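What follows is a group of structures, each given as structure tokens.
The same chain A turns up in both complexes below, where it pairs with chain B and then with chain C.
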Partner chain A sequence: MEGNKRVSNKQIRAMVVSTIVGVGILSLPNQLAMASGNDGWVSILVAGLLTIGVVVFIGKIFDIYPDKDFFQIGREVLGNGIFSIFLIILFAYFIALVAFLSRSLAELIRAFLLATTPTEVIIITFILCTSYIAREEINIIGRLAYHIYPLILISTAALIIVSIPGLDPTNILPLFQSNVKEVPGGIRTSFFSFVGYEILLFSFFYSEKKDGRLKSAIQGVLIVMLIYVTIFFTTLAQYGLHGLQRQAYPTLSLVKEIDLPGFFVENLDGVAMAIWVLIVFSTMAPSYYSAAKVFSNLLNVKDHSMFILPILPIAYIISLLPQNTVTLTETLGKFLDYSGLIVIVILPVLIYFVGIYKLRRNKK
Partner chain B sequence: MKKTAIVLMSVSLVFMSGCWDMAEINERIFPYSVGIDLNPDEGERYIVTISYPNIFAIGKNATQEERIYNVSSISSTIYEGIRQVNTRIPYPLYFKHLGTIVIGKTFAEDQESMRKLVDSTNRDFTISKRVRVITAEHMAHDLLKSVPIAVKQEAIEGTLFNMLKGNKKTSRYIPQNLTRFLQEMDMGGVSIMPRAAFHGEDLKIFGGCVFKNFQFVGHLGELQNRAVALMRGNIKETLVVAPFEDICISYSVSSSKAKKQLEINEGDIKITIHVETEGVLREYIYTDEVVEITPDILNEMEKAISKTLEEETKEVIRILQKDFKADGLGIAEYLQKFHPKIWEEVSDDWEGIFPGITIEPVIDAKIRRMGLTG
Partner chain C sequence: MNGKLAKDIEQNIKTIEGLFMNCYDIVIRRIEMGEGYKVKIAVIYIDGLIDKNHVSEYTIGFLNSEGSGSFSPIGYGKDILDYISKEVLANAEVQEEKNMQNIVDAILSGDTVLMADNTDKALIIGSRGWVFRSIEEPETEAVIRGPREGFTEVLKFNTTMIRRRIKDTNLKIVVKAIGKRSKTGVALLYMEDIVDKTFLQEVNKRLMSIDIDSISDSSSLEFLIEDNYLSAFPQIENTERPDSVAASLYEGRIALIVDNSPFALILPATVGTLLQSSEDYYSRWSDSTFVRLIRLIAVGLTVLSPSLYIAITAYHPGLLPAKLTYFLAASRIDVPFPAVVEATLMELTLELLRESGTRMAGPVGSTVGIVGGLIIGQAAVDAGIVSPLMIIIVAVTTIASFVIPSTEFASGLRVWRFILMGFSALLGLYGVMLGIILLGSHLIKMDSFGVPYTSPYSGLGIDTGELKDTLLKAPIQHLRERPEFTRPRNKVRMGGYWKNGRK
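Moving on to the complex of A and B:
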């Protein structure tokens, strides 16, 4: 069974890109402009480098224990009790992520495309649709990612190319004017737009080649950094700092600004939304998969697919709890920030250091 | 097995009843323009006018005659006005292809109303943010009502929108859209949008209305508007008529560049605006003897053109600084981008400082081509 569950390094890179790039891409430039003004790109770079740091730690863990998967390593290093507590937080994190993703998606779909369709219907169809792929194993998720990955690259490139005629590059000026105190806020904002690399915890073990996998994962993060920085600069050049601070979804507004000579393409936001739904789908599928995987391990069950449907109502109800988009980011978003810090930053680093310590002790 | 299949299939029927948001294209109304006025009479505050094409009057087998419909409503907020209009027409309004927003004169003078208008349009999901904005000389309602009687009209896309879109070979008015209007407001608190009026049989768009802090402060004439556009570097094509010796020469500008430069003398801000235009000599005079245009004559011509433009720009600078006290030249934007330290010092009292600074236009007109004759 283990033999046919392999993922290639290319798939790992695609998985990193398509899982990280998600709902946030539409609002990221705005949040960065609010947090650190014209110098938001600096915080993208710093946050990206921090992410690469964590990714390296994850890679090292699997180098220390090459023949064990994430759960086995965790139980061995941290002990059953502590690791189970972490797993519970991890499960809550993934459920919250699934709920957050589907609610954000539904809100935007309602606003831009389907004004009278009930939010509940959009959410439930989306979760149901994702549950189909989440039942599968990691190699299928890898294949999905591998097919959505070029779509992300092509659509970003196309968006930037068609918006070039309307850009005013001087809007990027002045550089390096923001207050030093504002930098950590920007890094915090942009770090959480790199969330999604935790799929590596579940995929590194299944990689075909051990030697190139870390390199592919880092390449993936670098590609995401590139995408974020170019989108930030494009929206900044289009709107200027003040305009960017007023746009809630600058990337989508950018699509609405497209005005090529000849007027043969205009109002492309419908097309952009359709592509964006696919991008969110490619973030949602691994998260949903991971949630079920963690839950099945907590209950010591080998097959995770039987937990997919029981998770559905939980995610659905949680996604409907926030009253509006503002409380959505205030409650679920905040929860994701803090729990994410524990389980996808502290946990891998902790496992690494404790693992190293135990290894050295055993050698003595 | 068979039973489950039947049950599943009948359940799936529920999902086949179609979508909540299904709308046929002929059951939607696509307005060209929205006009907004303050109500001059007593009662509620605003008059909202919506003009849209009558699709039954367009095409070969048209069944109706009236090609453009105008519907107005009086209401206390702009959005309410649009809702009220919705109740008087057969199909719902759909604003995705809205081309123009026409603002009435009195409305433009009311800062609060303008701020509400830009907020609601900018907040809306469907309205394209490139929607053109213009100010009517009097009432927006009257202007929209006169569009159908204008001689040259365009029923499909909207007359006003067609006049405002694309590259018109003039700089006597510069089309303005919502995004840029807001951008200029955010940067320096001043923006300019074209004026529109109805003369005789013709709809005319010309000049500019200067807005300061979302409030109308004054008009610019056609040539004044061109001078502003020249200093902002917005000119695509324009025709300059300059006196040369005893006659006038025509010079058409094919491209122009504007560059601002800051100098500080003992705390006083001095801005030099360098404008470089390139163009073609269009009209001189047909003399009896063949006159060879030497580099010297050409130089003289260039000087004459530069002088004319310089006079125009100086006049506009005076109007903007002394009469309107409004920085319509984008100097605040320039300082913010290229001299952020100085901008920090002056930004609090920019409105008070702007009328006192020295602005000097330096114009360098170049004749690149002279047509077929020598």
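Moving on to the complex of A and C:
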């Protein structure tokens, strides 16, 4: 019974959804409204399609080398030296992601729940609690995703259904009015909201059935696109473009607007924050797991669980570097954008093409 | 002692007397039979472990009547024990044995041993019969409708109750002796054609690896073979009800019945099975579905309510509707303690009451309950030490914990309730969420014999539609397949089409 570290295809789908949906869901509509106005949803769709493209590349890699995991493939295709450089960037990326997630969570918790608690305490407790599950293998991460996945779907659906009475559909209009030049900026913003699919690098190899795994992963991305687009439209219809541009966390504000007659709980933002902590946790756990996994592979050690605690201080210190939320997005966020571009977009595509090239050369 | 029997009966008796020195309950009855040539015979047993009437009448009685009458030198020269076993004894179970250790074990388990002179064999006569508790209604798992018999302390009767329910040769009952000194009989029950083979191997492997002096109850066995012994949650189910065991066997699970314990073990156990009661299958499906949802709510209440109270009163009074906030503040205005002290105080009081109620039998226990629950609660509110809302919260928490069918699971949740109270006292609602994350991670990462502990919620059951028999309870017509989490080899349990389950 030991050694059964497989994940099912449905767990892969859940993993994609729960890892991608994270911190961004609260602020995404605002960022999109800033970047591309009423047509933010276009950039969601484009960014989602781009993500699917990369996901397909990742799937192809594992089809070419069916009996190797990501690290073995990378070593074989790119050679030890080059791949190690990529691994270092990948590790830096994941550590920065963990730091970014915990810092963003801490800032929001401070803003909405615990005004007087020091940021440090919130960050360290959150990372510590995540470390408990990050030391497990991918099958446990898959199970975790499957528990959070229905929560994401149900809470999103509930939020939208409950806020329908207050919506004004005319706020969505006019469509297709924005400048073409603004679309790339929106895509850049929303592409970062699709970060998280890189968990596929570590989970595809362990899938139970090879046939359906790519399909499940793509379904996952599609579900995320659907969630993002509906939330964008709902918040846009609620606040209008100018209102949306002034709301830092429109999704959370949307919760505050809910006022059902005769409803027991008036202020639902506490509940929303509670659920959101779980959603961030479901992004944090795979990232932390991946960071430790990459680190252990850099050192050629099989078991990643012994590195969970040693890398904790690194993430903690990095998360404390930015002064405030603005510098957080400007420094860590920028770093994540660029390093993410290298390791979760360029790296899989590069591995795919070099792999194909090597395969053809070997055939000749 | 491990050696074989000697030919000389005196020497054998001496060995046995040596082993059983200072054991007042051993009885060695010497008989001589035969006319002319007397054959020495000894009947050895432990007083109290055997059915005395049975042995006197059918063993010693027949030997005597044979010895005084027709027993002649014909028997001598031939194999005398063979003759006695085939032509003299009227007992149902008789078996030859040469090994001294096995003979001693047989005596210790309540069999009677018959030795004769001039042979290196002995007869073991099945004569077990001791004083036992009769079959009674199980106290911990009462049902309104359903069978009323519960297990007793006698292994044989317990396995019989299962056999009566499963008249199929595929029901295998393998008995092993576990415990070097106690040699406790442990029966492993499974359905040969349903159970998953690797699962069975794993259970056997774990049973074999046990090296311990004694097993005093099935709980010791449970702690020895479960996956994570440090966890507060049971990973093996226990039950007093033979019908539950039989139903689980049909699902492809494995049962362990330990001698001297009225609690059978069923494995693997998951959160889903621990929240089921056998009554669910005896009441109408609508009722059972409702009760199962109630149980999930009870799980939430028993873990969360005190910590949410602390978090809301101490950190986020603004999260409640305005009227409720004022009410809360007004009811707490005289309370001299912070919410966490108040909650811990009341929870501890209630745990004291519960513990004393459990240890005190019958009427005294209920008196303790009334005095504690009513009088202390009322007095505490009157004195202004705690707020009335706190009393309600504590009472609801306790009642909710009694709703959960598995007491072990409920007490695991109780441990986590206190952990969550600590978290919420330190970090408010965020602390409660951290506690939930830790509790959830703990449950998610656990396995019970290779089955995810949180199944069918872990993605296993949602795929296979198993939620209809865990989250809900679909009508029996819709449960035509065995649950998938045990990986049964024979999947279908009901043939035919959906009309009434008949073809």
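As a convention for this text, the second predicted complex is superposed on the first by the 357 of 364 C-alpha atoms of A that agree within 3 Å, B and C clash if a C-alpha of one lies under 4 Å from a C-alpha of the other, contacts with A are read in each partner's own complex, and residues count from 1 in each chain.
Everything below uses one rule, namely that a residue touches a chain if its C-beta (ideal position, glycine included) is under 8 Å from a C-beta of that chain, and two chains touch if they have at least 3 such contacts.
Keep in mind it's a predicted model, so treat the numbers as computed, not measured.
Trainee: Taking the superposition as given, does A:Arg246 touch the first partner, chain B, the second, chain C, both, or neither?
Mentor: A:Arg246: touches chain B, not chain C.
Trainee: So, A:Leu113: does it touch chain B (first), chain C (second), both, or neither?
Mentor: The answer is both, since A:Leu113 touches chain B and chain C.
Trainee: For A:Ile64, is the partner it touches chain B (first), chain C (second), both, or none of the two (neither)?
Mentor: neither
Trainee: Identify the partner contact of A:Glu257: answer first if only chain B is touched, second if only chain C is, both if each is, neither if none is.
Mentor: First partner only.
Trainee: When both complexes are superposed, which of chain B and chain C contacts more residues belonging to chain A?
Mentor: Per-residue touch count on chain A favours C.
Trainee: Output check: A:Gln177 vs chain B and chain C. Expected answer is one of first, second, both, neither. What do you get?
Mentor: A:Gln177 sits against chain B, while chain C stays out of touch.
Trainee: Which chain A residues are contacted by chain C in one complex and by chain B in the other?
Mentor: 113-114, 117, 121, 266-267
Trainee: Spell out the residues on chain A that touch chain C in their complex, using ranges where they run on.
Mentor: Interface residues on chain A, with respect to chain C: 1, 4, 8, 10-11, 14, 109, 113-114, 117, 121-122, 125-126, 129-130, 132-133, 136, 140, 142-144, 146-147, 264-267, 269-270, 273-274, 277-278, 281.
Trainee: What part of chain A is in contact with chain B in the complex they form?
Mentor: Against chain B, chain A makes touches at 111-118, 121, 170-171, 173-174, 177, 239-240, 242-243, 246, 253, 256-257, 259, 263, 266-267.
Trainee: Quick check: in the complex, which residue numbers of chain B touch chain A?
Mentor: Listed in rising order, the residues of chain B that touch chain A are 19-21, 96-97, 122, 125, 128-130, 165, 179, 182-183, 186-187, 336-338, 340.
Trainee: So in the complex, the part of chain C that touches chain A is made up of which residues?
Mentor: Touching chain A from chain C are residues 198-199, 202, 315-316, 318-322, 427-434, 436-438, 440-442, 444-445, 447, 449-450, 452, 454, 457-460, 462-463.
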